[in-house]
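Okay, so subunit A shows up in both of these, paired with subunit B first and subunit C after.
On to the complex of A and B.
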């Protein structure tokens, strides 16, 4: 007779930044079934966007959906409204938006890598990466005035200009970060004790990634080359040197390497932007009230983020729908857990880089 | 003999709970534990266990589903304990105030000792809040040593016994609703 035992993980747990509950059905050490509950953080932001706030302030409200990818949320909403109002923003503002988007991606990926190391039991690596992440946080603060919630993007452009001293500091710090990241590449590929925890654990094959609709670094680590930055034309990603990063293994190690490669690519893009920043205004005034429907997609650090905005010609919107990356990846998450050891579950969970406050909104 | 009261101030342990925040304050708490700001130099360590913790860091504007767990975690922590509300939304509700599923701040459910403002708050402010909390923790430890019947009444304002009953009452009222 089979004997199974149910082990809960969450809603409050040392390995979790945010409340989510997993119920693992285990047979001896192996996980054979997973049930997840993600709704602890539901605040009702989508409804408040249509009842409480006017359309020009929602850009700052939706930034509070998630602190890690705040810039992508406000950027997606703002681009949707600009589509409805029909305004054209200057090229310099577009470049500055990409700059902050990529800085945000760097710090988010570094946080994910350090958190994965911590959950795998490598506390020293956690401290190293968190210490180096402060270099990126520093330049974000210099550029926007705040460390986490930037409120940098407004309808019609951006709120602050980039001056030459800040640009110099950004280049210096990014050079430093690049050296550190190259060091991590060596550590993640060659460290024997990390390979025991990461190599071959939590693998997702290419077919499964396609069937379960995985997106973001999770899918790219399995060899599926989807990246929204490659498909959209709202921002000139191809001009600043974007390159798709993929890996074929699909395990935790592959996800880490994809993230490291993306950090290097983002650093390259930031350097290109600062070296070739066009002249012009950072803000153009756009008048009118939104009327009609618009759909905008952007690549958040975790995958595709989709905004649907419907306006009716007044200051209040009819509908704001947010589809977040973690929500789309939950079937793939549940599939990966089956067949793994329970002891590896926190490290696997951290390697997905889940964002539950995005998911529940 | 090992004197717990003497060493509690030297190594207060932290319990962190996210009651519906946007992750912004949570990553700042992580950053304040990391090398640049280094909250751990005060002996602080982040535990996942409420029964070993002295300081309760709460972020987020308590959502409808997380309020029960918040009160439960608070009642599981041993005396003396200090609650720090981190971020604007845990102090007052912030930008989420009056949204459908939001309960407008931590102090509707548990008594808060230190309020740390800011959206998102910065690691410097979190460190200031924890240092302030250490003073309150020491004060509460001293208060616990006083004999209850001789020197103070059970209903005295700000006394620890009184606070615990307040938290329990809030939980009971909530179940009735």
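On to the complex of A and C.
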């Protein structure tokens, strides 16, 4: 006789932001097997990139893959094309690109933290973080002209310059966000609902993180020193004060703390960029048609994002392949669930910060 | 515990983060990326904006009574679809006479009704464009 029971989570569930289906095989309360399906929001973007759009407009197409890390997608694609065309962009454009990338990381991490609070049953904290996230959304709108779809990056540089009033506003708002985040640090370490309840739940050991190829905050919370910002040279992350944030516990609480520390580091980087923004042009015209292959990696808020672009010397590309962070982390996700209580599953899932529209694209 | 009581008490006197929408209007950012506007007199009909537009929201289609402009030798008329536009302003950057012929405003597009025939009329224009190419 069968001893286990299958319980589905999703594809629509109160604890999920986006559609994903998990099938948990449970023995009493314990999960002993996981099966997942992530393809609910497939839109055929990779195919559209090679059949419908010319290479110079694909930067705007791939930005629509995901609303939270739109900037990382368009940036990765643009850098890949710049590599193929062989152009060099100005230092100021590079700094402005990092500025928006880090602002994007701050608001994405804040969304994840608020969602974690909601799943812990702490609605008031959820509202507080979402309210404070508006401070970041506001400066993103001032800088780029839109809240979510920034369309800020084009092949050869960036589309808008940073003027002094916007710079001042960014500094003011970031100072405010910093004070709030320091407040959250206290809540996330001392509040029972957010820290003690999460300690030891959904833990991933350092060895397992290595074996299951974990990336992003998930890996860094287990003590794995892995961050693409440390490894690439297309953007000068080392000049603006990037510091890797790691933790050794590997549980939900550790992931939350890594995200909080990353927000603080991103705020520091943004302040450094605004204080030391070099003079120069924001846009350099790059001519030609892409020919050959290029691979570009970037650190999205959820981990490593990889773009492979193949051109054939015409305006239409041969292939655009997107490997998203959530897709790469699925083996690690599935491993973490095994041995946990079913009741903890939504909280563990929220702590991964999965982005399904990225994964299904 | 005392700190959370103190926080709860101070929260009572805080102003709300939301606005009282219909009574208080939403603040419109000056630099908000909004609808693309067109100055017909200054246009030189180079069609660069049409080629640059990623979603194809600008079409120059030949009409019977074209707008009077000496540069308009092919008898074309400018058409813009605000519902297709992604407000990226690639067209403005491609335009040889920005601010006079084509510029970006901070206005938001209004919702359309069925009577406006937004899709059908645009598909007709696209068909017409394909025939002339």
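Definition applied: the second predicted complex is superposed on the first by the 358 of 361 C-alpha atoms of A that agree within 3 Å, B and C clash if a C-alpha of one lies under 4 Å from a C-alpha of the other, contacts with A are read in each partner's own complex, and residues count from 1 in each chain.
We take it that contacts are C-beta pairs under 8 Å (C-beta built on N, C-alpha and C of every residue); 3 or more make two chains touch, one makes a residue touch a chain.
Model, not experiment: these values are computed from the prediction.
A.B. asks: Considering only the touch criterion stated at the top, classify A:159 as touching first (subunit B), second (subunit C), both, or neither.
C.D. replies: It touches subunit C, and subunit B stays clear.
A.B. asks: After superposition on the shared chain, which partner residues are touched by A:276: those of subunit B (first), subunit C (second), both, or neither?
C.D. replies: neither
A.B. asks: Applying the document's definition of touch, where does A:42 land relative to subunit B and subunit C: first, second, both, or neither?
C.D. replies: first
A.B. asks: Where does A:111 make contact in the superposed view: on subunit B (first), on subunit C (second), on both, or on neither?
C.D. replies: The first partner, subunit B, only.
A.B. asks: Looking at the overlay, what does A:61 touch: subunit B (first), subunit C (second), both, or neither?
C.D. replies: Both partners, subunit B and subunit C.
A.B. asks: Give one of first, second, both or neither to describe whether A:149 is in contact with subunit B, with subunit C, with both, or with none.
C.D. replies: In the superposition, A:149 touches subunit B and subunit C alike.
A.B. asks: If you stack the two complexes on chain A, which partner ends up touching A:11: first (subunit B), second (subunit C), both, or neither?
C.D. replies: A:11 sits against subunit B, while subunit C stays out of touch.
A.B. asks: Considering only touches as defined above, state whether A:131 meets subunit B (first), subunit C (second), both or neither.
C.D. replies: both
A.B. asks: On subunit A, which partner touches more residues: subunit B or subunit C?
C.D. replies: Between subunit B and subunit C, B touches the greater number of residues in subunit A.
A.B. asks: Using the superposition on chain A as set up above, list the residues of subunit A that contact both subunit B and subunit C.
C.D. replies: Residues 60-61, 131, 134, 146, 149 of subunit A touch both subunit B and subunit C.
A.B. asks: Would you tell me which residues of subunit B are touching subunit A in their complex?
C.D. replies: Against subunit A, subunit B makes touches at 17-28, 30-31, 33-36, 46-50, 60-61, 63-66, 69, 73, 89, 94-96, 98-102, 119-120, 122.
A.B. asks: Under the touch definition given earlier, write down the residues of subunit C that touch subunit A in their complex.
C.D. replies: Going through subunit C, the ones touching subunit A are 17, 29, 31-33, 52-54, 86-90, 93.
A.B. asks: Which residues of subunit A touch subunit B in the complex?
C.D. replies: Result: residues 11-15, 17-19, 39-45, 47-48, 52, 60-61, 64-68, 70, 111, 126-127, 130-131, 133-134, 137, 146-149, 355, 357 of subunit A touch subunit B.
A.B. asks: Under the stated contact criterion, what part of subunit A meets subunit C in this complex?
C.D. replies: Where subunit A meets subunit C, its residues are 53, 56-57, 60-61, 131, 134, 141-142, 144-146, 149, 151, 154, 159.
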